[in-house]
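Listed below are the structures to be examined.
One chain, chain A, links the two complexes that follow: it is found with chain B in the first and with chain C in the second.
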Partner chain A sequence: MKLQSHGIETDLPAGWEGRIGLRTQPSADARAPGEVSAIGDAGERPNPVVHLANFALPEQRGDFGSGAVDLMGADDVLVVLFEYGPECAGTPLFKRTGIPTDLTPNMFSSSALQRTISGQAGCQIFFTENGRAFCSYTVLGRQSNALRVVPQANAALSRTRIAPR
Partner chain B sequence: MTAVVVLLGLVVAVLALLVVGMLRSHAEILKRLHQLGAGLDPDNPGQPASPPPTPVTSRQDFQVMPQVPSPPDREEFGGAADLVGVSPGGDEALSVRIQGVEHDTIVAFLSSGCITCQKFWDAFAKPRKLKLPDGTRLVIVTKGVDGESPSSVASLAPAGFPTVMTTQAFTDYDVPGSPYFVYVHGPSGRVRGEGTGPDWEQVSSLLSQATVDAGLATTLSGRQVAKPDADAEREARIDRELFAAGVEPGDTSLYAVDRSPLPEAAGVQDGDHEGHEGHDHP
Partner chain C sequence: MTVALPSRRTRRAAPDEPLDLTEHGIHRDPVNHDPLGSATFSQRLVHRASGLFSKGTTRRSFLTRTAVLGSALAVGPIDFILKPGSAYAYTCGTCSDGWTAFCCTINSGRNSCPPNSFVAGWWKADNAAYCCGAARYIIDCNATCPTQCACRCAGGSCDGRRTCCNQFRYGQCHTEIACYGPVVCRVATCTPPWRYDPSCTTSSATDNKTTNHGAPCLTTDCGTPIDKKYKALGGASGFLGKVVAAEKANSDGRGRVARYEGGNIYWTSTTGAHEVHGALLTEFGKQAGVNGVLKYPTSDTLTTSDEQARYSNFENGRIYYRGTAGTFTVPKPYFAKHESVGGVHGILGYPTSAVTTSSDKKSRYQNYTGGRIYVQGSRVVEIHGAVFTEHEAVQGVHGPLGYPISDLSSAGDNRGKGQWFEKGFIWYAPTVGAHGLWGKINDRHLANGNVKGYVRYPTSRPTPVGDGRGTYATFERGNIYASTTTDGFQVHGAVLKAYLETYGGPTGQLGYPLSELDPAGTSGGRFQRFENGKLHYISDTNVQLVT
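This part shows the complex of A and B:
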């Protein structure tokens, strides 16, 4: 099942579904610049976000999977590719090149979660691909199942391509 | 006395003639029917024909309410497929998995223009009142940007359910028109029910018929002896791997047995092993 938008393309493995989108930009008159809300900052320029999961994604999701991680089961995995602004590409934080497709269970930790949920574990890797800066954020529904689930995340990531802007 | 006897004789003779005439007439009728082929099955000469089929109302005679589409011209359920399209805003590509998932899905095919669809858009804006069956996901599908206005669909799409704009899905599911609803069993990926109606209450009632079996299966599974977590997870993993390999529930390969006689069973007397092929005895 192929999915393509915003210069990002993925061919999802069996049992996976995904979204490649751009969060709606908050209207400038709704909130003052600098005032952060649940839907973003009025002054920000949203970048593409990819959500790939082996479970049914809910419609109400945060950029880093809030709303979805609450629904995850023991064998579920969520992969987020979050793009940063072009000024970040190639900077020290994003010095790694290419989408990480070789995640291992020991790379996951509960302390890497954006929001701690008992039993879950996360892994965050920053990288640059074709001049575009991304964060790869992967969440496991249950850390003890990492040996079985992480290869699924690697399969989904290895089927994803990022084209230059 | 003689006259009476003669009279009786004449009466008997006349009656005999009438009987013979009736028998000949009956024989003639049977002969004509036989020549016409009645009473015989053409595939099995000499065998009595099956009774004529019960008259069925033709689709041309079947009338539906003007605001809902007529049923498709086929006898079986249509196909099912995963959904790939764009969001109503048009700036998000999305895919929704329908087949090979644990949950069931109700796919609602709607349009931004039809008056009847407006009732469903309104109903879907209030998810708690829908009373969806447990473990069932509602997905709304409209035609793609080639057949719908993204801004119109965006103004109608509810926040709580995925809305996919894809014309391909209308073809995949053989949808006769909007509004139309298809109920897909997730694990098997097969359509369990489909149809339409003037409002959600009627459609919900229609689809509940399709969920009766699923509800019964759930009830029965609740009566099974609980398994240790490891066993249950192993069983679930095997089911997923089989499904990924194309072996669906009910696949004949799951029930294939080796019919060749077992060495230790070769000497078993006839009758001792009837109906026990392919398994061991203690």
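This part shows the complex of A and C:
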């Protein structure tokens, strides 16, 4: 199945599901100028977020997978592509170019998680693709199964394209 | 309670040896790679924490102690919710829940990044009680490279979360810094991160699972500026009391107002939030509040340095409250004039009346303990002291002088001062007091050099001679006479003495003067002409009548 939105396209591997989302832009509502609304400040800019998983994604998810990672089984893998503003592209943190498709087990760490969950491991890679800055964040349901599931993550990432804005 | 995790030196070797993965776009501190190994962090942690209480742990006793520890932590929020000042409910955290502790827990109470860490990224959680229903921002403080801290439990009684463990980066801040260590702690704020730290971008990330994460050391940062002002003033237990009308936008589309039992708080983006209460608020209401001349308050209630009055500043003026002496608004432009002459501590003193329209409808004025300010169109003039008293003695603006058109200013002789009116002057010197001049007498005084001329300062205002024709005024060195049919002329010295003592003055045989005394050196002698003759000045002791 193919997903396409916001200049991002992915062809999901069999058995995978995914979402390409963009949160609502907070607007200047009845609050006074400069005040923050219930969903944020009018000055902030939500960017596209991609969630790809070989397990059922819950509806309520944090941008870096909270809510989903709690449900992961031993052979599950979650891939997040989180976009930043164009001002980040090419900065030292985003110096790498191209979507990472060559993840290896030794890139993963049980400490490289937004929230440590027993047995899980994560890997964050910041990169720039076609002038757009992203972070790929891959979570393994069980680090010890890395050899088996990391290739699945690479396959999902390999089937993803990011077009210029 | 602080529980240190095993140091990196003691963890097992391969396959978790530090790897530099920078070329792959992985910038986490390589020396801090996988500090926890593959062991179950939370089990080891809770096991170690429980082990502090006793030795000889069995699996059964371990589970029991874990449950006890978990229970103790779980009741934390109830305790904190009930504490005064904790207006928001929040979730306590344990070392085993996988999240990172708040900075105030590990940074001596400071809700900011500790040394050897930097603002590295942020996310928001919507509808946060911490921010009175607005979005809350969590800013991660990641360790700088090389990492100077070790993974451990923060040990807070309600925020026992981890510190320096999770090597994760949100990535919107300081993108010029690639290498990062673990998240040392989290800053909670209701201020958008790009305003908190300009290095942060506005690219937002959201994680509503963290909306209620809290710590005892985090006091709510919620609310609008009006909310914060209200809290700063003691909230419902302060002098403002309970909310009467919730905060709402003002009809001018510019500001906001909230009403309380004891006063109001007003806010605009340019003035900030300020309270107005008591008699000052009553007076503000009489002036139509923010929709009136004063506009929005620019200060809370203040006290004058002499402690005689309380006052509030506004965009266009000030209100003074002096107990039984009254409460009066000093609006623009009266305020600027009043301030320019020293305000309540200056020559005008405190206001004693509201701004009033004069009976001739030509001006508005305000009285002060020491004088008055008149406003006519764009002209704003103050009058005070002996000059004010003199002006009032001659019917003020309705009298022969009319309105003042300048402030009192120096006469330039290092002695006295003068104030210009529509139809004359009032001159003041400490030795002679203040006296007004108008009409033909004033014209002559000005023509002869005013107070810098021969006769110097007036010692009387123009006074009727009593014959129904003329007036005169006395000066330090002479008199000036005028009548309905003659202009004003000064008479001084020996001529004046003879004019008054020998010839009876203006009602005597000479009548009113028709000229000034000829100047010294005049060919043929010095004469002063009168209606019915002339006086020949020969010397200070010899003045002869010439008919």
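Going forward, the second predicted complex is superposed on the first by the 147 of 165 C-alpha atoms of A that agree within 3 Å, B and C clash if a C-alpha of one lies under 4 Å from a C-alpha of the other, contacts with A are read in each partner's own complex, and residues count from 1 in each chain.
Just so we're on the same page, a contact is a pair of C-beta atoms (placed from the backbone, for glycine too) under 8 Å apart; a residue touches a chain by one contact, two chains touch by 3 or more.
Just so we're clear, the structure is a prediction, and the values are computed from it rather than from any experiment.
Undergrad: Using the touch definition from the top, say if A:148 reaches chain B (first), chain C (second), both or neither.
TA: The first partner, chain B, only.
Undergrad: So, A:2: does it touch chain B (first), chain C (second), both, or neither?
TA: The first partner, chain B, only.
Undergrad: What is the contact status of A:47 with respect to chain B (first) and chain C (second): first, second, both, or neither?
TA: It touches chain C, and chain B stays clear.
Undergrad: Based on the superposed arrangement, let me know which partner A:19 touches: chain B (first), chain C (second), both, or neither?
TA: The answer is first: A:19 touches chain B but not chain C.
Undergrad: Quick check for you: in the superposed arrangement, does A:114 touch first (chain B), second (chain C), both or neither?
TA: second
Undergrad: Could you let me know whether more residues of chain A are touched by chain B or by chain C?
TA: Higher number of touched chain A residues: C.
Undergrad: Considering only touches as defined above, state whether A:60 meets chain B (first), chain C (second), both or neither.
TA: both
Undergrad: Residue by residue on chain A, keep only those touching chain B in one complex and chain C in the other, then list them.
TA: The overlap between the chain B and chain C interfaces on chain A comprises residues 60.
Undergrad: Where on chain B is chain A touching in the complex?
TA: Against chain A, chain B makes touches at 82, 84, 86-87, 89, 91-97, 100-101, 103, 137, 159-162, 233, 236-237, 240, 244.
Undergrad: What does chain A use to touch chain B in their complex?
TA: Chain A residues touching chain B: 1-5, 12, 14-22, 24, 56-57, 59-60, 74-75, 148.
Undergrad: Please give the residue numbers of chain C that touch chain A in the complex, ascending.
TA: Against chain A, the touching part of chain C is residues 15-16, 19, 21, 23-28, 32-38, 40-43, 97-99, 123-124, 126-127, 131, 133-135, 151, 162, 165-172, 175-178, 182, 190, 192, 194, 201-210, 224-225, 249, 255-256, 267, 269.
Undergrad: Touching residues of chain A toward chain C in the complex: what are they?
TA: The contact residues of chain A facing chain C are 23, 26, 30-41, 43-47, 60, 62-64, 66-67, 82-85, 87-88, 91-96, 100, 102, 106-107, 109-119, 122-127, 135, 143-144.
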